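A, B, C and D label the chains in the order they appear, each numbered from 1.
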């Protein structure tokens, strides 16, 4: 009869472990009794996305601490300022874990606002859950075009344009320069491959066919042979679309090869310049092209929240970290939430969504002009093309070659 | 005092005893044969003497030194050598096998030994660069024998030297053994082939993990009961 | 005299089967009722999925000695088989799940030759096979079938309640399968093979066929689980369903609980997955470290898992 | 294009042969797959990166530091873990699981200590000159890496075939039981080979950022799989086999990148599967079930 004892033990453990997973379900808060606004989000402290997720999360928590210093966020539905409370879990870059955690935020913590983790992979699993539970998902940087469908009102992209829009400025610049020999290597993930598709179709519309256009696995870490193959096509412009690791490996191989091209383009030096300076050295990104993102890209006209210089100063003072694009993206998400709460007439998720549509196009933050289409996809905040200059001390500056406000 | 003195030895796997209360002596320079059928415990006894199996109880003394708890390499250094049924390392060359046999000798002594063994067993010299796996069954036994001789042991434990050999080869093996009788190491030979009794100084009969008989080969010859019971000899 | 002994033995046999039956019953009741008590169904759902996967690993490793590091390959194929059935063939969800399981079993047939390998060779080759499957599925060349790197979007078929119920059913069926195999002559034959394949073959046991059956069964379990998992997520990338950590967790749960038993994987999944969510959520920085150390300690001091603590005293554990 | 792919494939292959050498030795002597092999490679890489960035120590010096340091780490790990494992019921399987646990521990520790960002060494660390061969130029870092790898493989070969301890190592590889019966110090030999294997893994790790771009704490398992594939392609326990395996891997990878780039990630896995399934007995007799 020992076995019955084991099974009993198992049952106890099951209930104990579930109890450990969070506080017991409380009833949904009524608007009157709200003492704070809870914002539920996830971050990745380890794994593939940690590099990007952590600064984004710092940006959001920085926003929350700033707003709480002023007595909280103004909630129009309550006609008063209410403190903000962030409920956050670590998903370790695993989409599987993220699923349970998004569900935890909605069903157990009953957060008022749901914010996705960094990037498409960790955002993807939140899309159907949010839709099913009728929670508006503040998608920060999950740019996958397929998330945005006319039938789903429960998503809004806050801090980046959808990935298909990114290459607009790049294609424009290449066509403008009259480059006819263009070599492209892209990593075969949805972020990079969709950019490749857009870029190639835009070039083809201008009657330019790339002389080299090949996909490589996202795990590729040695680009020397690829680069050699590309250089055999005598390209004027060499474009590498990848994740930060790909860009690092590519730039390193490029520097070692001693090859020179009129133009070399990679995506992430514009977003994470410090990572590139420390891992491959300032000289390897010198004179290359990128999409400069805030803080390299600053907007003269900011009508909501801190501007880049103010943010840089305050963020450094509060967290000790230096500003990068993702901390600005996280902060920007906070601003969008702030604006939403001060616009919406009720805390109902659909009325939050309507509020976002209402101020779309009129809000200029340090991340650019916030503008969404009817599906919730970001079509503002577009990124220009810029040329990087570095000095030997690792200071990065950028010269725009397309208009930042296009 | 005997060279090897075993007293009330119990050996087995897990908690099960395979050998019970084994007492056995080998005098220096003698050939002792351990007779027994398959599964009687011969290999178990030799392995435990070599330190390859843990001893449950009892004592093994080699020339006043208690070796009961020593590992195999310490026993080799104490003067034991074990010729297993396989006997050689097939992937290594003939010369490497000899070198393995003389692992604990000085470099000069090792070379000297190899040279003298090549003189006694020229077939090994011919094949010295070949892997042991390329040798015939009989040649392998010769190599295995040379390998244990390399370390200049005082006592050689032989596990079924006749196993897998053609009768002609068995006779040759016995002849080689005879050349070493009385002016070399002592031998403890585990066998079921009674041919090995020829030239032996003393015999033990092992059955079901226990010593059933001990005496000279002549004593065994005289004991019709044992012969009939264990060897079907009449 | 002999007759009474036989009757006694028969009684004991029936008693044991009864105890065995308690487990799937508890699983069924537990997971059917807990959504009413506990709101986060996603945790309950994933606990079931991992329990089913752990039983699949248990079936393969516990009864045949093959440790499948690449077990997630079948899981991912199941998810994609389901998604393809919905997207291209417009099947309803449940039928698509069955298709996922079947596709997984077909892939298992293709990889049958892996069973010729032993030990580490099998473990690492199965990992390589899973990598191949994952990379083929996500390659741009497959874009018209699997949507390549863009992943699958099944929001039109998203059905959290039905998929939850389907998971309960598959988990219960899996548990019953393991009980049957363990208590039938087939299971004893498997154990004999695991202990000493050569003697088992000489005793007339069809070694290759028995192993192949278990291999297909465990692939089917992983395929069905993956299919339901994918359905429950309804949006996933190749990385999501071919995540190596899924195999790793299933293996760790099985080893922790105790392989070769029915209770072991159940217990392992509840305790470790529960801990993973209780500790892991708040501070998983150290969680990988803890379960890494746990594995090392387990191998050195308790290779039979926690179940062996009870078995050690001669108690019968289902 | 073909020449460049081929030559760089060879340079890469020599490095990867060296990278797999430690796994090969440990596998051959102890019949245990060190699943944490790749993590030791990554640790070696971190040693080089830390030494260069914070202490300005050239990677050439780090090679020696890594070898000695991780030789000691290997010894420190051997005695509490391996003898206990060897006495267990199923050492081969249990060791696989144990090293898997160790790999998780190392990965977690690396995340805690070094963070999750990819780290790298500048390719210019050995100067900016390049090597011209058949009309193409190759960076000096690759040449240095390939040369160091060749030297280490040769030294290992000399150790195995021309020293007494090396002979004992080959005896243990050939037949562990018989080596024990011959009175060889099997445990001590195993301990030394285990320590050398881990030392060599870390040593190859020092050079790895130059060959594979950048490292992060999760790079380990992928490297272990590649190393295992190389060991299986070549032959067990023979350092020259590692070179052959490494060359097959390096050249196929580079040719695949040139002609079928999006499938290149499959190279090590396909090579492994093809070898184990098509020619199981010839190359790896030990890996096959005999019933």
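Following the convention adopted for this analysis, a contact is a pair of C-beta atoms (placed from the backbone, for glycine too) under 8 Å apart; a residue touches a chain by one contact, two chains touch by 3 or more.
Note that the structure is a prediction, hence the values are computed from the model and not measured.
Counted as hops between touching chains, the shortest connection from chain A to chain C is 1.
Chains that touch both chain A and chain B: D. Greatest Cα centroid separation from chain C: this falls to B. Of the two chain pairs examined here, A-D and C-D, the one linked by more C-beta pairs in contact is C-D.
Distance between chain centres (mean CA atoms), chain A to chain D: 37 Å. Chain B and chain C have Cα centroids separated by 52 Å.
Measuring from the averaged C-alpha position of chain C to that of chain D gives a distance of 32 Å. Chain centres here are Cα averages; for chain B and chain D they lie 42 Å apart.
Under the contact definition stated at the top, the residues of chain D that touch 2 or more other chains are 111, 262, 265. Residue positions 135, 139-140, 285, 288 of chain C are each in touch with at least two other chains. Residue positions of chain B touching 2 or more other chains: there are none. With chains as nodes and touching pairs as edges, the resulting graph is of another kind, matching none of line, ring, star or complete.
Annotation, chain-chain contacts: A-C, A-D, B-D, C-D (touch as defined at the top). Partner chain D is touched in their complex by these residues of chain A: 46-48, 50-51, 185, 188, 214-217, 219-226, 228-229, 232, 244-245, 248-249, 252-253, 255-258, 275, 279-281. Contacts from chain D toward chain C in the complex involve residues 27, 32-33, 81, 84-85, 88-90, 92-98, 100-109, 111-112, 221, 225, 228-229, 232, 262-263, 265-266, 268-270, 272-273, 276-277, 280, 284, 287-291.
Here chain C touches chain A in the complex through residues 19, 22-23, 26, 30, 34, 38-44, 46, 135, 138-140, 148-151, 153, 155, 158, 160, 233-237, 239-240, 243, 245-246, 263, 266-267, 270-271, 273-275, 277-285, 288, 310, 315-318, going by the rule given at the top. Contact residues on chain D toward chain B in their complex (touch as defined above): 164, 167-168, 170-171, 173-175, 177-187. The touching residues of chain B, counted against chain D in their complex, run 50, 52, 71-73, 75-77, 80-82, 84, 86-92, 96, 99-101, 103-104, 147, 151.
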